[in-house]
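Working notes for the structure below.
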Amino acid sequence: MTREPQTQQQDSHKLTVFRNTYDSDNTVFSPQGRLHQVEYALEAVKQGSAAVGMRSKTHAVLLALKRSSGELASYQQKMFRIDDHVGIAIAGLTSDARVLSNFMRQQAMSSRMTFNRPVPVNRLVSAIADRAQVNTQEYGRRPYGVGLLVIGQDQSGPHLYEFSPAGNSYEYFAMSIGARSQSAKTYLEKNFEAFEACSLEDLVRHGLHALRETLQQDKELTIHNTSIGILGPAGVHEQATAASLGKEGVFRILEGESIQPYLDSMLPKEVPAPVHAPGAAAAPAPAPAGGEPAGEAAPEAAPNPGEEMPGALPTDDDVNMG
Amino acid sequence: MADGHQHPIEHRFNPYAENGGTVLAIAGADFAVIAGDTRQTEGYSIQTRYAPKVFKLTDRAVLAVNGFQADCSEFVKRVMQRIEWYRHAHSKQMPLKAIARMIQTMLYGKRFFPYYTYNILGGIEEDGTGAVYSFDPVGSYEREACRAAGAASSLIQPFLDNQIYFKNQTPAPGAAPFVPGNLPIDVVLPIVIDSFTSATERHIEVGDGLEMFVVVAKGRDVSQLASLNAEEIPATNPGEERVFIVRRELKKD
Amino acid sequence: MDHFPLSWGRPRNEAVDLYSTYPIHERQRHGQQHDAFAEGVQRTQQPLVTGTSVLALKYKDGIMMAADCLASYGSLARFKDITRLHAVGQYTLIGAGGDMSDFQYLQHLLNDLMIDEYTSDDGHKLGPDEIYHYLSQVMYARRTKMNPLWNTMLVGGFKDGQSFMGYVDLLGTTYTASTLASGYGAYIAQPLLRKAVEGRETTLTEEQARAIIQECMKVLFYRDARSLNKYQIATVTERGVEIGDAISSDTEWAFAEKIAGYGGQP
C-alpha cells in the first residue's frame, strides 16, 4: 500500500493514541486477563476471505471464496488436501497455513507409516491446536495468523472441525470463518438442522448460499472465485470420476468448470430478511460446547484492534491473506 | 595372531534374508507389463502363498520389488510416501522417469547398508511410450525393453533376451529388421505367463500365484485385455493412463 | 613402526607382541584388556532364555493360537510355567518364540502403547492389523540398528467381523496366511495345519479348530526337544481375547521300551 507521507504520519499518530501497553508480548496478560497478541491473531483470520464448512450424515464439504490481487494475478489457494480422508480450508495468512498443512500431512503420513492407519481426524486437529497453544505461551513466538476448517472422515463418519490460532478446536455441524463470516454463520444457524439428511448436492447448495452471504454488494460467486472441497461418496455431478473416488469418497477439490453445475443449482437470493441471530457458532456438534472461541469473548474495555483501528481495516487485495 | 583362538569366534547377527520369488517387466510401444509371483519363502519353507511383490505407485507407474522381504516392504512404503509428498508439493503425479531417478537416490542413500532389493519399475513415460527401468540394490539403473529379477532371473532373462530382444534370431530373408520393445500386448502377455509357468517348474522358490500389471497409455485400445479377465484399478486422474491387473494361478507344489 | 598394513589406523593392541620384543615369560599380561571397541554397547547376539514354536489358525469365529509353557536355557528346561501368549487390547493376541526377555520388553512397549490409546479416549481403537504393523516397524527398526529383538511372533486378532493373522520376526520379515507356525512348528506343524485348514477357514467350528491345534501340539511335543507337554490355547473372537489354562495331551510312550538304545533296552 502506498500512502502520502503525511497520511502516514497521521496514521502513526492515531496508532499512538490506540497503543496498548500489554500487547507487545504474548507471554504477558493484560490487567483484564487477556492476551492481546492472541486476539490480534484472531483478527488476522478475519482478514482472510471466507470459508464455509458443513456436514451431513454421509458427506463433509468445504466451500471457500478465493481472492485475486488483481486482473494479472491468479487466485489464492484456499484449500489443501492433507490425505485421502482429510482436507482443509483456510482463512488468514496463507504462509502460516502452509506450515500447518505440511505438519498435518506429516502426521497423516507418519500414522500410515507406523500403524498403516489413516490418522484419526480429531487427533490431527488436536495436534495442531496443541502446537498453536505453545505459540500463545512461550516467549519469542507469535501465534499462527490463520484459522482452519478441517473436514475428515473415519469409522464414525464425516466430521467438521474449526481450528483457531488461540489453540482451540471444536467440532461443528456447520461453521464459517474469515471476512464477513458472521453473515454466513447466520445463514447456517438458520438452516443447519436440515443438513444432516441432505444429499451432497443440497449440502453444497446450502454452502454456496452461506458463502454468498459473505460477498460484497456488487460481487457474486463464479467458477473462478469459488472452491469446493468434498469428502464422501461421489455425487450426481461426479459420476464420470466415481470409480476413482472409491466407495468412501476421497477428499477432492473442485475448481473451475466442474463447479458450474453446483453454481447453477443456487436459488436467487432472498430479499434481505433482517435475521440477526445471537452467538457466533452454529451449535457445536457433540454436546458440551466448552465455550465460545476466544475472539468472541465478552466485550471489555480494552480496544479490539482491527475493527476499531481505522488504519488496519481489511483490504480485499492483501496478497498475504487467503 | 598367536592367541586368536582363545577368543570366542565372532557370530555376527545377519540382518538379511532371501525370500525367493521372481519378478519381470516388459515394455511395449504404448504399454508396459510388470509381473511377479506371490510365493514367499525362507529356505525350503513356503511362508505364504500370497505375498504381493508388485505395487501400483501412480496411474502410470508400477513397481516390482524382490529380494529380502522386510527391506522390500519398507522400501516400497518409503517410495510411496515420497510420491505422496510430490503430489502434495506439485499437485500432479510424479512422472515415471522422475520416480526412476528418485529410486536410484534412495537406494544409493543406503549404499553402505543397502536395501537388499531388486527393483523393476514399469509404466508410461510423459511422451506416452511404455518403459521399463531396472535397478541393482545400490541404485545403478537403466531403461530397458525388458528385465527379469529375483530367484528365477537366470532362468527367465535368457528367454526374454531371445523373445523380446530377438537374440539369436535372424529375420526372414527380405523381412524388416527386429526392433525390440514393439511387440503387441497379445504376444507379450503369453510370454510373461510362459516365463512364470516355466520358472515354477524348475525353481522351488517360484509359484502359487501370478500377478501381472498392465499399464496402458492414454487413449489406447484395451479390448485385448477384456478376454484375459483383466481387472481395472481405478485411476486417480480418470481419462489419462490406465492400470489393469491380470491374475493367474501357478502350481503350488 | 608397525609393518602390518592391516593394523594401520587402528588403536595399538598392547596385548599382542608382534615382534617378540619380550621373551615369552616376560610378556606383559593385560588381563581382560583387549580390543577397546568390544566393550562398548552390548547387543543381543544370541538368545538366552528361549521359547519354541507358536501355532495359529483361522476358523469360523475368529482365530486360535497355541504355545507351550516352557522357557529353555539352552537345552535346560529352565522355566516350565511361563505364558507366551499375550493379549494387546481387546482385539489382538500375540504369541512369541525366541528370547523371552526381549518378549517381555515388547509386552511393556505394547502395554504403553495401549495405555496411550486408551487415554486419548476418542473411540478409536487399534485393530490387530494396526498393532501388527506397528510391531513389525519396531522389529525392523531394531534389526536395522543391528540390535535385534530376538523373537518370532504371531499376531492374531478379530475386529469388526474380520479375522487377522500375521507373522513377524527379528529381521522384520512379515507375511499373512490362514495358518501360521513359527520355529520348529514351521517344519512339523505347518503342513498338518495347511492340510486341515486351507479352504475351510470360514466353516471350521471351534471344536474342530481345537482338535487340529491339539493334534499339532502333540506332534510337536513328540518331535521338538525344546517343547513341553503343557500348553495354552487362546482364541480371539467376537467375545474378545480368551487365553485358556494350561493343558496337556495324552501321549503314548510304551513303544519306547522296545527301541534299542532307549531306556531299558541295551
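Note that the chains are named A, B and C in the order they appear, and that numbering of residues resets to 1 at the start of each chain.
Simple rule for what comes next: contacts are C-beta pairs under 8 Å (C-beta built on N, C-alpha and C of every residue); 3 or more make two chains touch, one makes a residue touch a chain.
Predicted model only: the values in this text are computed from it and were never measured.
Asks: Name, by label, each chain that touches both members of the pair subunit A and subunit B.
Replies: Where subunit A and subunit B share a partner, that partner set is C.
Asks: If you tally contacting C-beta pairs, which comes out ahead, A-C or B-C? Let me know.
Replies: Taking the two pairs in turn, the one with more contacts turns out to be B-C.
Asks: Determine the chain that sits nearest the middle of the structure, using the mean of its CA atoms as its centre.
Replies: B
Asks: Between subunit A and subunit B, what is the separation of their C-alpha centroids in Å?
Replies: 45
Asks: From the C-alpha centre of subunit B to that of subunit C, how far is it in Å?
Replies: One centre to the other, that is 33 Å.
Asks: Averaging only over C-alpha atoms, locate the centres of subunit A and subunit C and give their separation in whole Å.
Replies: Result: the chain centres lie 51 Å from each other.
Asks: Touching two or more other chains, which residues of subunit C qualify?
Replies: Counting only residues that touch two or more other chains, subunit C contributes none.
Asks: What parts of subunit B, by residue number, touch at least two of the other chains?
Replies: Expected reply: no residues.
Asks: Multi-chain contacts in subunit A: which residues touch at least two other chains?
Replies: In subunit A, residues 113 touch at least two other chains, as defined above.
Asks: Can you list the subunit B residues touching subunit C in their complex?
Replies: Answer in residue numbers: 1-3, 7, 11-13, 15-17, 19, 40, 42, 45, 47-51, 68-70, 73-74, 113.
Asks: Please output the residues of subunit B touching subunit A within their complex, sorted ascending.
Replies: Per the touch definition, subunit B meets subunit A at residues 77, 81, 84-85, 88, 232, 234-238.
Asks: Report the residues of subunit C in contact with subunit A in the complex, numbered from low to high.
Replies: Counting only subunit C, the residues touching subunit A are 120, 122-124, 126, 129-130, 133-134, 137.
Asks: Quick check on the complex: what are the subunit A residues that touch subunit B?
Replies: For subunit A paired with subunit B, touching residues are 81, 102, 105, 109, 112-113, 240-241, 243-244, 246.
Asks: Give every residue of subunit A touching subunit C within the complex, in rising order.
Replies: 113-117, 120, 122-123, 154-156
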